[in-house]
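Heads up, there are several structures right after this.
Shared between the two complexes below is subunit A, which pairs with subunit B and subunit C, respectively.
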Partner chain A sequence: MVLKIENLSVSYETDIEVVHAVNDISFSIEKGETLGLVGETGAGKTTTALSIMGLLPERTARVRSGRIEFQENDLLALSEREMQHIRGDKISMIFQDPMTALNPVLTVGEQIAEALILHNTDGYTQKEIEARVEETLELVGIPKERKKDYPYQFSGGMRQRVVIAIALVCNPDLLIADEPTTALDVTIQAQILSMICDLQRKYGTSVIMITHDLGVVAETCDKVGIIYAGEMVEYGTLYDIFEGDEHHPYTVGLFGSIPNLKENARRLHPIEGLMPDPTNLPEGCSFSPRCKRCMEICMKKKPAVYENNGHQIRCHLYDAGMQKAVSENRKEAGEDGR
Partner chain B sequence: MVKFVVKRLLYMIPVLLGVAFLVFAILSLTPGDPGTIILGITAKPEDIASLNAQLGYDRPFFIRFFNYIGDIIFHFDLGTSYQSREPVIDSILARFPNTLKLTIFSMSVSSVIGISLGILSAVRQYSVLDHVCVITALIFACIPGFWLGLMLLMLFSLKLGWLPPYGAGSLRHFILPTITVSMTSAAGLLRLTRSAMLETIRQEYIRTAKAKGASEKRIIVRHALRNAMIPVITTLGTSFGASLGGAIIAETVFAMPGMGTLITTAIRQKDIPTVMGATLFLATLFSLIILIVDLLYAFIDPRIKAKYRNGGKSHE
Partner chain C sequence: MEDKMLEIRHLKKYFQTPAGKLHAVDDVSFQIEQGKTLGVVGESGCGKSTLGRTILCLNEPTEGKILFHGKDLVTAGKKERKRLRPKMQMIFQDPYSSLNGRMTVRQLIAEPLIVNKVCKNKKELEQRVSEAMETVGLAERLSMAYPHELDGGRRQRIGIARALVLEPEFIVCDEPVSALDVSIQAQILNLLMDLQEERKLTYLFITHDLSVVKHISDEIMVMYLGKCVERAPADEIFENPLHPYTKALLAAIPIPSVESCHKRRELLQGEVTSPVNPKPGCRFAARCPFAKESCRSGEILLREVSAGHFVACNQI
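The block that comes next holds the complex of A and B.
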């Protein structure tokens, strides 16, 4: 077990309001495994990632409860200095927007080397560090001669490769990729994704892939967590999520909103409504206001987690005594043509 | 880069000509003539007219202007003062060292105080230190220079007798004027540095650096500072240039013979050659300082350097 998160809740608190960004999320990752965190913008994916990194905004963010266990250490209990040793070395992160994630006044070589210099516990010489920088650049598909170039001299896709090189240069045990391809065009997306997968296989790195793109999930992940309004509404293997019979209605909606070429549809099928206001989450199930299968109990009581062979669903449809509803749900999932 | 510098140096020619024309025109349009001012209003009109003719002031405006420019270009001659009958360049060179010293002292003090406290303030935003810095800076930014100068003079020279009240004879003479000039500009620099720094540390590349495991100190020194310094250097350059000519208040309060008092006295006496010479001298310095500031940008920011190399065309 590389990383284990238990009942993590994070909120952003200001004088005016309290934003409940992450609510009671739990998951774990084994060595070499890829976990996809899927959800809409603002669902709390990035907040989860930043909590692991210990990079939540200091003044406003507060971890209300939970445990983040990484290689037998409770990350939330570590001091800032101890976290600095882990960050960049054991856990590293690829950020979403390559255009702003690199320092404009330092060469890419300097920026990649920095992680090595900061975590130089093996006493590498300057020369060895330079060699490693060049090696990493080539690994992500950038000619090593370009290490003396500045970020403005690279295109978006190339910059994202540099960002990835920074994240990989210390061979981390856990890599958090926060929407690594969202800012890139589709051809580059595929290249970057397959590169991350190759590197992962090569070094046995565990990866958390944060995305809102189910296609990316299908290509890269072993396990998937569907996040809605800061809650993990469904969690299971790639097979459970893509091929399983039982689903949270939100997952059904997510798949339903992918345009289907075979179907002669004139309209897209979005999930009606908007994500609830995180400062004022509904009582009961957070998805209930948008849920097509909403029942009376959904608006009153938070659903418990239903588990079937590791596949977890947080929905009242799977409460004991709701078997009839479940079978209907299965039927509907089937009718959706999946 | 050399091409850029040469180009900028050539640009200075029209700028300086423009400055010269403007000042010359304003001086000529203001009422009064040097003859009357030197001899006094009770003097005979013939004497005044003959003195004006002797000074060349009776000739038409454009002829005087072109003669003046011609003398500068072909004879490197800034003219002779109407009042003291000495070459203008001599009175400039006699006074400029004082102004330069005062400027260097006060700019060093204000940049050390302003920039370092500005950075601290930003890094420890909302701390007690930050609040104290911001409020003190606000107070100093609001205090008029002449008042601060007079108060310092009263306290340290008259009451305590620690420091000389006027003159420029020794380094001790410079202490009070330096404080007077530097406090106001330190206040401005502190506020500017603080806001530039705050903006920089919220950039995403700072988060990337944190994600690499860099310590706070390293992030500030290596990642944030260079990016935050560009607006600060701009202001530093302009206020350096401005205080070369604009230390007038401190020079006046502390009766220090410098460029500021030279120009103000000369204007009152309608001593056209002195005003022109001193103004052009300062304008040249100012342009050179701005050029140096622009070159400093290139050392800080590689994007700007690339732009200079491409002759002003953007690289992206």
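The block that comes next holds the complex of A and C.
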């Protein structure tokens, strides 16, 4: 097991309010596996990633509870100095926006070399580092002659390749990709995704793919976690989430919201309402105000996790009378044209 | 064709840049019937937003004709334009930057009415604004709110209300949902489709998201570097794409189903070339896997290959 997160809760605290960004999230990743974290803006996906990286803003963020175990180390217990050895070397991150993630006054070669120089445990010489930078550039599909170029000389897709090169140069064991293709066009997105997959297969890297695009998830991931208002509402294999019979109502709503290329439904089935305010989460299940199948208990008590063969759902529908819930869900799924 | 609401003939828009002439929109022609939607797709920088802005004369076109109900907007005088323009509106891409942060929701929606001097008195104005808010699903209690207090979906509803309040016939939707989350995106798409049915609106729907465009459009136009490379009815273009670029674009969409898991695909190599002083011949030739010598010279014209299906490729 590469990474194991148990009951992680993170909040941002200011004098005025407390934002409950991540609430009791648990998951784990095996070597070479890809986990997709899916959710809407403000669901807590990026906060989860930043807490693994130890990059939460110091002043406001507070990890209220939980454990992040990475290769038998508790990351939350490490000092900043120890964390620096891991960050960028064993765990690295691809940031969302390639336009702002790079330093505009350093050449891309210098920026890629930076990670190597900081984590130079094997005592590479200057020449070896240069060679490694060139090798990495070629790996991500940029001619090595361009290492002396500045970020502004690259297009969006090429810049994202540079960001990926920086993340990969130290051969990390865990790669966190935070919406790596959201800012890119579809044809470039396809190139970048297939590159990430190829590299993963080559080096056995574990990947956390953070995205809101279910298409991207279907193409790259082995396991999927659906996050809503800081909670993991459903977690399972790709097959469980896309083809399984049991679902959290939010997952059903998410699938109903995307236009399907294969079918000709004239109307989408959006989820009514908005995400709850994270400073003021509803009592009970946080999805209850928008849920079509909300029951009385949903507004009072937080649902427990229901598990079936590793497929986890956090919903009261599965408390008791499981079979009934399943058959109803099937029916609803049929109506939604899924 | 009957009810030809909007007809564009050989529209061109060039920008002068230090490096040369940037061909943002290059010889595009099409027409839209009343109550229909034409979807325009393409990658960033292919000229789709410029096309939308040029049709509304927000950019003065370099050449070509824009016929709205048979009246040419390009040659029309100031008065004539002022009369026609309220009938043509635009919904902008980014609901975060397209609204004035110092105006309340009510002021924002009233602005087009005041500018065009539509209402005779204050009461009528208030009435029209309230109606528009109700149509797009904005609660009355939000009328005194400022845009920064609202989320993206609600802000986009303000943008739609601003476009609708003048009761236009034709709306250019410039990526109206790309800044929104999927569940909100679906709400806005449904709203736009409901409004179209109710008011017989005509849309020019600009987007880079092919699944959205299929959902909302009757006809789809694919653009590449300022040129229209293929135009066909929506279903036809997805079932029978002919231009290599359209094929590549369709193949690149990630499909949310288990079958696409770790699937290998034919990928388009390279990136969009520069639209500044483009070389003669097919603009896609540099990335096209089937490009031949003949593709790199001469003008490639849009031909009708089957009823309503136009394609600009030498090899079809």
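Here is the rule we go by: the second predicted complex is superposed on the first by the 325 of 338 C-alpha atoms of A that agree within 3 Å, B and C clash if a C-alpha of one lies under 4 Å from a C-alpha of the other, contacts with A are read in each partner's own complex, and residues count from 1 in each chain.
In this text, a residue touches a chain if its C-beta (ideal position, glycine included) is under 8 Å from a C-beta of that chain, and two chains touch if they have at least 3 such contacts.
Since the model is a prediction, treat every value here as computed from it, not as a measurement.
In the three-chain model built by superposing on subunit A, subunit B and subunit C fit together without any clash. In the superposition on chain A, contact is made by A:213 with subunit C only, not with subunit B. In the superposition on chain A, the chain among subunit B and subunit C reaching more residues of subunit A is C. Legend: residue contacts after superposition of the two complexes on their common chain; A:55 is shown touching subunit B, with no touch to subunit C.
Of the two partner chains placed by the overlay, neither subunit B nor subunit C lies in contact with A:28. Once the two complexes are laid over each other on the shared chain, residue contacts for A:270 go to subunit C alone; subunit B is not touched.
When both complexes are overlaid on chain A, the residue A:86 reaches subunit B alone and has no touch with subunit C. In the superposed model, A:188 lies in contact with subunit C only, and not with subunit B. Once chain A of one complex is fitted onto chain A of the other, the partner contacts of A:73 are absent, as it touches neither subunit B nor subunit C.
In the overlay built on the shared chain, the residue A:104 is in contact with subunit B alone; subunit C does not reach it. When the two complexes are overlaid on their common chain A, residue A:150 makes contact with subunit B while staying clear of subunit C.
Fitting both structures onto chain A leaves subunit B and subunit C with a minimum C-alpha separation of 7 Å.
Taken together, the subunit A residues at the contact with subunit C in this complex read 40-41, 155-158, 185-191, 193-194, 197, 212-220, 238-239, 242-243, 253-262, 264, 266-272, 274.
Contact residues of subunit B toward subunit A in the complex are 126, 203-205, 207-215, 218, 222-223, 226-227, 300-303, 306, 315-316.
Remark: subunit C residues 43-44, 151-153, 181-187, 189-190, 193, 208, 210-212, 214-215, 235, 238, 248-249, 251-258, 260-265, 267-269, 271-272 touch subunit A in the complex.
Touching subunit B in their complex are the following residues of subunit A: 53, 55, 59, 81, 83-89, 92-93, 95, 97, 100-107, 111, 114-115, 118-119, 150, 152-153, 163, 166-167.
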